[in-house]
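The following blocks contain the structures, represented as structure tokens.
Each of the next two complexes has subunit A plus one other chain: subunit B in the first, subunit C in the second.
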Partner chain A sequence: MITRKASLFLIAPAIILLGCLFLYPLGYSLLWAFRDEEFGGWGLQNFAKAFALYSNDVLFTLIIVTLSTAIIGVLSVAIGGYLTLGENRVALVVLRWLYRWPLFIPFVVAAQLMRTFLAKNGMMNNIIVSTGLMEPLQAASYLDWRGIVITFVWKQTPFVALLVAGAMASLDRSTIEAARNLGASRLRILFEIVVPQVATTLMVGLILSYVVMMSVLSVPLMINAQTPTMITVDMAWRINAYSDYGVANALGFISYAMTAVIAWVYLRQGVREGGKPA
Partner chain B sequence: MTILRTTLTAVLLALLAFAIFGPITNMLIWSVAETWYFPAKLPQSYGFSFWERVFRPQGNAMESLWSSVLIALFTVLASLAVAIPAGLALGRGSLPWRTFFLLLFLLPQAFPSIAVHMNIARIFYGLGLNGTYGGVVLVHTIQGLVFSVWIATAAFAAVDHELEEAAANMGASPFTVFRTVTLPLALPGLMASAIFVFLISLDEFTGTYFVGVPDITTMPLLLFTASMEGNYQIASITALILLVPSVGFMLFIERFLKSDVLAKVGS
Partner chain C sequence: MTSKIANLFTSAALALAIGSMAQAENVLNVASGGSQNMVDYVTDYLGPLFEEQNPGWEVNVVGTGPGNAGSQAILEKIKAQAGNETWDTDVVVMTQLKSGEMVTEGLLQKYVGDIETGKLATRDTSKSALGTDVEGYVMPMFHSQTAIAYNPDLVSNPPASFDELKTWTAENKGAFGYNGIKNGMSGVAFTAAWMYAYAGNTDQLMNGPYDPELKNSWDQALNDLKAFNENVTFTPGNAGTLDMMNRGEIVMGPVWVDMFYTWQADGRLNPNLKLLLPEPGMPGQPYYYAVPAKAENAEAARKFIALATSPEVQAEGIVKRFNWYPGIDAQHVESALDQETWNKLFTDVTPEDLAAKGKPFPLGPFFDDIREAYEQKVSN
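Entry: the complex of A and B
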């Protein structure tokens, strides 16, 4: 048995690493968002400048990430739901094999795939035109906000769907069978019995995805770096072009705040429902 | 009715397959396209001359491949060096405030990491760590820390106590018990955590983008630069090299991460 003292000693290196490489820079970024580095002193100058220059991008980021999260949620429930309630054996095998492919594909690779796939002359438009569903002249590039949303959904859905499907698989089947015997449709079983029971897992998966999407730099840089763009691009730009850490940190603070709002809404929901969140 | 339903299922699955494999196929075609000009639907000529350019021993692509692998290996070593003791303390020890410590490692996942990364870069700049392998390895280690610590904790927690007690009763010293019983039994889980961290490091972009400049180019940064320069062949070949280990891990993850360990992750 490892004693208390020895346990603390063993965990110390990991905690020190976390302190130096995460907590310290995190505190630094929170504090320096309020620092006027040009004239010294503290205040909200960085935020004023950030809003004057990038308020559109802040809104754009919020919309893109929220929309992507919503679509990911719907698709994950659909995939998990079919895997739990589906009856066609062949379809189940195919779906189980199919949906996980992008799970560990890095964002930068996903962005490159979409950069070619969604371009005006990309494979998607070519195939739609070939099927005769669209005239060649109607073909448009999707490399704007839609491209970012598509890339995020493509990359993150497998992760949330995996969590949701796992939670659904471990549910007690008897309630589902009971509802089925009483003649409930599968859609009704999904939304009234299955989804409420996996809601916590679904929310955790969605929040983790939301945070990840909020901090991805490669996808907006590669899909759509013109204005309006995501604030991650603006942060990199402030630093690389102007060495302006003040405004970059103010934008960073805003990205923390947008995450905190989501976490707060979720926690409040948990309290209201009387259950323990996660 | 049944036929209608089957057809609908088949159509939806086909659409999903197109959505998932379409972009991958497009990349595969680009990786073997010699010339592909607008408005042709397929490349005018195919070949491997870009592959030769990527794999040329002196080329900067090979250099960034080696940088990536080297950084990933050292990241794994650094992660295991802190995660094995931490996992032992969390999974086996009698740690006060255990839940607090477990959640503390989750904290980096709760904040958008880009703002933290740019400040790490600023701090590292003052320490002379920017543009060094050591600096990049440290950033990658912190990225993978929650996974390495949590999986190591689960791996040690899944080891049967009675086997350790049996060894101890037969007179083995605590270190011998750890070396001959606990560690070998936890090894598959630790391997899983090592592979996972390796993959995280191999794929990491943002931290390297801020900390690695201007001297360290890893594969993701090479892919980014090539893509922004419009060199889609090089970008697609690099993407393919990064895609293979990712998809391989996805297909075989269950073999690395046994369900008894998986069930204990985060508990």
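Entry: the complex of A and C
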């Protein structure tokens, strides 16, 4: 039996690392969001500036990430559902093999791929035009908010689908069989039997995706040339163009707030299930 | 705090890179606050040349990334060891803005008078960096310049001034593309050029004195720019503009001249594309070689910079291999270069154009005001 002291000693390195590399900088940047470097005082000046210049970007970020999360949810339920309830063996094998690929591709690479794929005269439009479905003049660039959503969905769906499909596979099949015996359609089984049972896993996957997407800099930077843009871009810009850590910290504070709401849901979910987050 | 953590990591990275080279007899540590090609320039060309001429020396170069952010990392690293006897960085390559700050903070040493090539650089940029007096502290590594690239197959009569450009974009909606101000310096340069053309007080913007009230007179210029933006396509970055020209999505846009020629030389860009410098001109900038005040190997650093700014190296390395404009005065380089290469560099933009229409970036504080005014009034 490990004593209490020994166990504290064992987890000490992890706690120290967490403290030095995560909690300390987090606290510091939260605090320094309220620091006014110019006049040397404390106050809300950074927030006032952040809202004056970037309120549209904050809203844009919220909409993009929420929309992406919703689409990821729908797609991962569809993929997981087909893997659990599908009957065509070939389709199952192909889907199972294909859907995980984007997991292994970093965001920056995905952004670069999409940059050439979604451009006005990019690969996607070229393919559509060459099949005769569209005139070359109708081709439009997707390198705006749609590009960001497409990249996020493409990159994060496999992650959630992997979790959801795993949870679905470990369900007690007898409930599904019972519903099928009673003549329920597959769609009805999916939404009334399967999804409610994996809802927690689905939520956890979506929350984690939401938080990851909030923090991505490369995708909006490389894909979205328009304004408004996402707040990560603004944070990088404040630091690189003006060495202005104050407003960057304020923007960071806002994005913490946006994820904190989500984290609260996640933790509450955990408490309800007996004190351990899924 | 984020800055301190970032510094910590930068310093750790620099220390690791430098530490790994420690086994060589004498190591000259060069920190370059530029893009990858500027690091390649030292690793592939200048470093080996120096090592060949100075047996027993090894050149170790670390890149900290492009723009003022990269130079800021060097500045912070040097500041962090300010209390030490000697500093472990011997040569720094930095942007104008940050070199000026380093001179002001006393972090650099005067060396230009001590090296032979010192008198070869007499352009105003070797004396003043965005309003800060840097004479004696810096030697320009190269000058780079922004210009408008266009496709002559599709634009037979390209606009020769910003006024003509305005009319042209109104007639050809979406055919002109630039990258705004958050996606790279070519878009920032275009915006600065717009302000030079329309905001008035052009000389003051470039040479000072700084007046915080001046930005209140920019509304008209910024509103016009907002209207202009309605007719253009936004591109994702400096490379993004060239990519979009390649794919025929836009036919005109501001680019860095060196990047343009390098891409063309590598076969990555339509060889027919051409450059022009519209009236009243567009900004360019040098990168500087400088020596930190307490550099451990200051003597070798001087030798290194003397080599780097010699006409032969400027001709072969800077102009021929990397398509930059020379850092030292052009006439010293011309004689060391074959006529063909020389002509290639000046085909579209002549030396006269460059002298008349190659502008510096605005004075530091004006530059901040311009970017912030753009955020407030153009993109918001």
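Simple rule for what comes next: the second predicted complex is superposed on the first by the 258 of 278 C-alpha atoms of A that agree within 3 Å, B and C clash if a C-alpha of one lies under 4 Å from a C-alpha of the other, contacts with A are read in each partner's own complex, and residues count from 1 in each chain.
One rule holds in what follows: contacts are C-beta pairs under 8 Å (C-beta built on N, C-alpha and C of every residue); 3 or more make two chains touch, one makes a residue touch a chain.
Since this is a predicted model, take the numbers as computed values, not measurements.
Asker: Please work out whether A:Ala248 is in contact with subunit B alone, subunit C alone, both, or neither, and reply first, second, both or neither.
Answerer: A:Ala248: touches subunit B and subunit C.
Asker: Mind working out whether A:Val94 is in touch with subunit B, subunit C, both or neither, as first, second, both or neither?
Answerer: first
Asker: Check the contacts made with subunit A and report whether subunit B or subunit C touches more of its residues.
Answerer: Greater contact footprint in residues on subunit A: B.
Asker: A:Thr227 in the overlay: touching subunit B, subunit C, both, or neither? Say first, second, both or neither.
Answerer: Touch status of A:Thr227: second partner only.
Asker: What is the contact status of A:Leu143 with respect to subunit B (first) and subunit C (second): first, second, both, or neither?
Answerer: second
Asker: A:Ala257 in the overlay: touching subunit B, subunit C, both, or neither? Say first, second, both or neither.
Answerer: Neither partner.
Asker: Thinking of the overlay built on chain A, is A:Asn56 touched by subunit B (first), by subunit C (second), by both, or by neither?
Answerer: second
Asker: Looking at the overlay, does A:Asn121 come into contact with subunit B only (first), subunit C only (second), both, or neither?
Answerer: both
Asker: Examine A:Ile239 and indicate which partner it touches, taking first as subunit B and second as subunit C; both and neither are also allowed.
Answerer: Once the two structures are laid over each other on A, A:Ile239 reaches both partners.
Asker: Find the residues of subunit A that appear in the contact set with subunit B and again in the contact set with subunit C.
Answerer: Common to the two interfaces on subunit A: residues 21, 24-25, 28-29, 32, 115-116, 121-122, 221-222, 239, 245, 248-249, 252.
Asker: State the interface residues of subunit C toward subunit A in the complex, per the touch definition above.
Answerer: Going through subunit C, the ones touching subunit A are 1-5, 67-69, 72, 179-183, 233-237, 240, 243-244, 247-249, 368, 371-372, 375-376, 379-380.
Asker: Over in the complex, which subunit A residues touch subunit B? Could you list them?
Answerer: 1-4, 6-8, 10-11, 13-15, 17-18, 21-26, 28-29, 32, 88, 91, 94-95, 98-117, 121-124, 126-127, 130, 136, 154, 208, 211, 214-218, 221-222, 232, 235-236, 239, 245, 248-249, 251-253, 255-256, 259, 263
Asker: Write out the stretch or stretches of subunit A touching subunit C in their complex.
Answerer: 21, 24-25, 28-29, 32, 52-53, 56, 115-116, 119-122, 141, 143, 221-227, 229, 233-234, 237, 239-243, 245, 248-249, 252
Asker: Can you list the subunit B residues touching subunit A in their complex?
Answerer: So the residues of subunit B touching subunit A come out as 6, 9-10, 13, 16-27, 29-30, 38-39, 41, 81-83, 85-86, 88-90, 92-96, 101, 104-105, 107-123, 138-139, 141-142, 145, 149, 199, 202-203, 205-206, 209-210, 220, 223-224, 227-228, 232, 235-236, 239, 242-243, 246-247, 249-250.
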